[in-house]
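Heads up, the next two complexes both have chain A, just with different partners, chain B and then chain C.
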Partner chain A sequence: MIWQIDLMVLTLIVFCAFSAVMVKDLLSAAIIFGAYSFLMCLLWTEMGAVDVAFTEAAVGAGVSTIFMIAAIFRTSRSVKHRSRGRRFYKLIGFFAAAVTGMVLLYGQSDFPGWADPNSPASSHLSPYFITHTISDTAVPNIVTSVLADYRGFDTMFETAVIFTAGIAVIFVLRQYRRDQTDVAGTDEVAYQSPIIQTVSRQMVPFIQLFALYVVAHGHHSPGGGFQGGVILGASFILVGLSYDLRSVLKKMGEGPNIIFGNLGVFLYAGIGAVCILLGANFLDYSVLSRILPATDSVMARSHGILGVEIGVAIAVMAIMIAIYVNISSHGKYDKGL
Partner chain B sequence: MISPEQYPVLIVVIPLLSAFIINVIGWFRKGFSYPLIVLSLIITFYLSVSTLLQVVDGGAISYRLGGWPPPFGIEYVIDHLNALVLVVISFVSLAAAVFSKESVKKELPDRIPQYYTLFILLVTGLLGMTITGDAFNLYVLIEIAALTSYALIAFGRDRALVSSFNYVIMGTVGASFYLLGVGHLYIMTGSLNMGDLLSILPAISGSRAIFVAFLLIIVGIWTKMAFFPLHGWLPNAYTYAPTATGVLVAPLMTKVSVYIMIRLMFSVFSADYVFNTLNVHDIIVWMAVAAIIGGSLLALTQTDFRRMLTYLIVAEVGYMVGGVWLANSAGITGAILHILNDALMTLCLFLVAGIIYHKTRGHHLDDIRGLYRKMPFTMAAFTVGALSMIGVPPTVGFFSKWYLILGAIDAGQWGFMAALIISSLINAVLFFKVIEVGYFEPMHGHHDDGHHEVTIDEAPFSMLAPLYVIAVSLIVVGIYTSSIITNIIAHAVPKGL
Partner chain C sequence: MDVIIASYNYWIYILLMMIGLYAMLSKNNLVKKIIGMSIFQAAIIVFYVSIGAKRGATIPIIEHGHGHGAAEHAVNVMNYVNPLPHVLMLTAIVVSVSTLGVALAIILGIHRRYGTVEEDEIMEKIQ
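Here is the complex of A and B:
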């Protein structure tokens, strides 16, 4: 760690956080949030948490900024003021934030030093994971083995959280009855730039290939299902942004997309359930060696991890597309932004 | 084929898997959603009852997910306390699901499969929060339960979207506080497993960071359970929610949060740390007094039946938080018993409110006029629920209040005792007002806005059946209270209090 870089990045992060709250234009706030996420991503990288940085870059700086921008396009760009009582609420908010900040500072005084090798977080469980990951799971990337095996149950529910978010967005936004007045409004043709369209079209296959690499290579390098799924979803969103939503829906219709979303999480939970049927505990992949040819119980864990990562990638991809489609078209599945 | 050892994880996995099945099959055939959800909740209920029986026979069960030993992997720990709460959750959600058939068809005809997917994911989240023995796994399932309830509330009537948005903000703040607290614990101990934390924490109990962790976690959970004065989001969210959502969420969310508070206090921080090292229980009992009095008084000012019930929930949260922080075994017994009892009472009253809304399209007190004549069965069950809420002896409400008052006397907390008695009196006033309106005041045109006169008759069977099961259980559970306490709750109270 280099403290000068840390100091610079942290200062910029605080600056971004304040300006995102203060700025009146919501579109600027969304962009500042993107910058904020990107700085966080730098910070994670600098701390050695490359997997987290990857996720932050794909989800925080990438897709969630697009979701926010789409939501702003569909609602309103400026903050509407309600003068009465506003100052009072601001005061309460400021007070609560100040008290929380002071409490947090009070607690920090007891923390172990930054990157202290004797701190409990580095000395209690981590040595076990570092020494046993190869002999237990044959996966060199410890983050992947902790994420998808030792604590694989958490990851299954994290995927379920993404799934829940997608279903929630569909539930709230999807409009099933067509409103005649709105249909007329969507017929106007938005300006489409041939340069952007051509470049995007060239990029999509490479983005998707990279996404598959990220999923498949998660065992050995930073990456895995979440990041790969987000990148796959982002390639569809790019088509939606540069062309229109109908071109996305032509490639990935509403029905198949929902089925993909379900299938992904079902694959994860299903692999767990197969372990029960084979007589072991839920998600105990080692027992999969009985049905996978030429696999011992360690390699079975490695393959099990790959299986659930693929499930995560499918689910995350489908849900990212579903959220984007619903937000950008107001649940109408028309031309979009 | 599947051995009973696997039941703990199946309690959570069966509803999770059926969420996907409901979603996909519902995409093709909407009508299958309802039977599927009822079927999977029946299986879940069976599994949780047989797990409870296993625990009563053989003591606490530990289940290793992925086969990894704790603290390296995630562990499920089922003891008397959460086995009981699991049964409550699966029973209440089964009743709510059976009830939901007609109301979902009427209120959300386009979105039935998505609604039931979110419904069963919410049940999954609540069950997973209850069963887990891992502090971070708890957070992940809090997220699932929270996200689903935001969405389920958002599609209600009137100001549902705004109330749901308020709930999103408050709920996210609460969850973030909890996550920050768990982060502090991890920095100081390097562990996330509750049993492991319990064994490490006494050595560093003087640490400031541990105190901050406790503060963050407890405030976060109080926000989630709408403990006065953090209750602002609850009344609107629960009033405007779709009927079936209210029936599921109102009895369960706050009660599960109370369970989480008890679990973290005694299974992570230990009773010794919470009551002796910190020594803040007097203040918190007075906060509970404020919650009880505040909630009851606000309920008294309401003219909308369902809104009145939501303020009573705020008061009941005060009962349970106060009971736990009385720091003696009678108080904690009363609080745990009240988790069971209040879930049943609230469910009973929200079922009645749901039926009234289904038939009259409103739940204002005016809508209740003359209903005793039109809907005698519904209103009879309502009377049982109301008597239980007041605390009349054969019903469950009496017994938990009795233990809470015993605990208050033991601890010398006269303010808390007075608050319990005042709140019972206010409940009596409230419910007799409702009964008077329903029994004596003549019925007159409901929402006669010139379009059509709504004819009001008795509710359909799918609504009455769960209501009657609950109303009867209010009395049956009351009669068997002593055996529930000796067999289950007595083991859940921490030793040495």
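Here is the complex of A and C:
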């Protein structure tokens, strides 16, 4: 909690948000929005939310900027200037935003001060999580234990939402061509830099290794299934950006990718179902000690958390690749950016 | 000064939210509306993480939390920030990138059909 950094970063964030909305060039807006996300990442770290910062760095500043650039590349880059007729909409928007802001400011006056240790949000449920995480689950990272164990239902359905979003993107964009034979023929190779290709090729294995570390070490350090999955997906996206889309599809085809997405959600729900079969509640991992060798019920919860994190990572990776491939190729799967 | 420190995060989150809301309502370009939506989402995350902050506390990872005798160390609640908002927002960020993907996919579908992403031109072509 360093309030000087907090004030400074928040002020910069407001500048970024304002210029991302106001700038006429959409590519600049996307890049400024990436900077906005990265400043957010600094802000979360300053407030102690390291897991959120990690996710924001991988997702907000990394993957979502790429998605936005891909969409702008496929549509148009500049905003058409309107002088007539828009003033009414601007006035309405400004008025609505001002009124809502006033109401929220009025409501804010009752809040406890920022970083108040005795605020209601910090005094009822969260002390239980902080004091019991070691004795219940043997996981030092409280965020991981709450994410995958105490609030396992929540995370399972968030994973299902991500899976649904990926399927929706495929449904909206995917175009199947009658003649799939000429895919190999229409290989227009754009300018490809050998330096970028070589460096990317060297980096991809290390990125993937790091992603696996983030998934496996989420119990003890910031990280977990969501972050690791996004980094894994980003390694494939890096191949797509530095080479072409076909290299990605050779490594991870459309069919296997969707199967991976299903498998991730299925793994999560399946571990919950195994708990039911062993006679406990859904997602109550402590009964897994009966089938896992040499574990007591506390370590079984730790292993159950690892299992569902792997499921989340697989699902998130597959969906990130699916969204990138569909947006960058406009659903045709022939060439990317 | 104390008043400013106590409520600066909340003022800024309201300001960011209103910038996002204004962009969603008033901008003519659909990509700009999506950027406004993302700014709005990030503002809500600012709000939640600000609620979880605690003065004098460290990140929510228990020290001496692994190995033998880990359970014997007493854990003082005041030493760790509130992890619950972090969990909620961590999943919200990943869901927000998925919804961003869906929104961009719909924009690409609109562009495929009408050849433009400007709101008034699309309205003319629909009528």
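Following the convention adopted for this analysis, the second predicted complex is superposed on the first by the 321 of 337 C-alpha atoms of A that agree within 3 Å, B and C clash if a C-alpha of one lies under 4 Å from a C-alpha of the other, contacts with A are read in each partner's own complex, and residues count from 1 in each chain.
The working rule: a contact is a pair of C-beta atoms (placed from the backbone, for glycine too) under 8 Å apart; a residue touches a chain by one contact, two chains touch by 3 or more.
This is a predicted model, so every value here is computed, not measured.
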{"item": "First, second, both or neither for A:73, with chain B first and chain C second", "value": "neither"}
{"item": "Partner chain in contact with A:226 - chain B first, chain C second, else both or neither", "value": "second"}
{"item": "First (chain B), second (chain C), both or neither touched by A:44", "value": "second"}
{"item": "Partner chain(s) touched by A:283 [first = chain B, second = chain C, both, neither]", "value": "first"}
{"item": "Chain B versus chain C as contact partner of A:262, first or second or both or neither", "value": "first"}
{"item": "Which of chain B and chain C A:333 touches, first, second, both or neither", "value": "neither"}
{"item": "Which superposed partner A:113 touches (first chain B, second chain C, both, neither)", "value": "second"}
{"item": "Partner, of chain C and chain B, that touches more residues belonging to chain A", "value": "C"}
{"item": "Contacts of A:172 with chain B and chain C, given as first, second, both or neither", "value": "both"}
{"item": "Contacts of A:210 with chain B and chain C, given as first, second, both or neither", "value": "neither"}
{"item": "Shared contact residues on chain A - chain B and chain C", "value": "104, 108, 111, 119, 121-122, 125-126, 129, 151, 154, 158, 161, 165, 168, 172"}
{"item": "For the chain C and chain A complex, residues of the former touching the latter", "value": "2, 4-12, 14-23, 25-29, 31-32, 34-36, 38-39, 42, 45-46, 49-63, 65-66, 70-71, 73, 75, 77-78, 80-91, 93-102, 104-109, 111-112, 116-118, 120"}
{"item": "Chain B-touching residues of chain A, taken from the complex the two chains share", "value": "103-104, 106-112, 119-126, 128-129, 149-154, 157-158, 160-161, 164-165, 167-168, 170-172, 174, 176-177, 255, 258-259, 262-263, 265-266, 269-270, 272-273, 276-277, 280-286"}
{"item": "Chain A residues touching chain C - in the complex, by the definition given at the top", "value": "1, 3, 6-7, 10-11, 13-14, 17-18, 20-21, 26, 29-30, 33, 36-37, 40, 43-44, 47-52, 55-56, 59-60, 63-64, 67-68, 70-72, 74-76, 79-80, 82, 85-86, 89-90, 92-94, 96-98, 100-101, 104-105, 108, 111, 113-117, 119, 121-122, 125-127, 129-131, 133-135, 138-143, 146-147, 151, 154-155, 158, 161-162, 165-166, 168-169, 172-173, 220-222, 224, 226, 230, 316, 319-320, 323, 326-327, 330-331"}
{"item": "Partner chain A, residues of chain B touching it in the complex", "value": "1-2, 6, 9-10, 13, 16-17, 20, 23-24, 27, 63-68, 71-74, 110-111, 114-115, 117-118, 121, 124, 128, 134, 136-137, 140-141, 143-144, 147-148, 150-151, 154-155, 180, 184, 186-191, 200, 207-213, 215-216"}
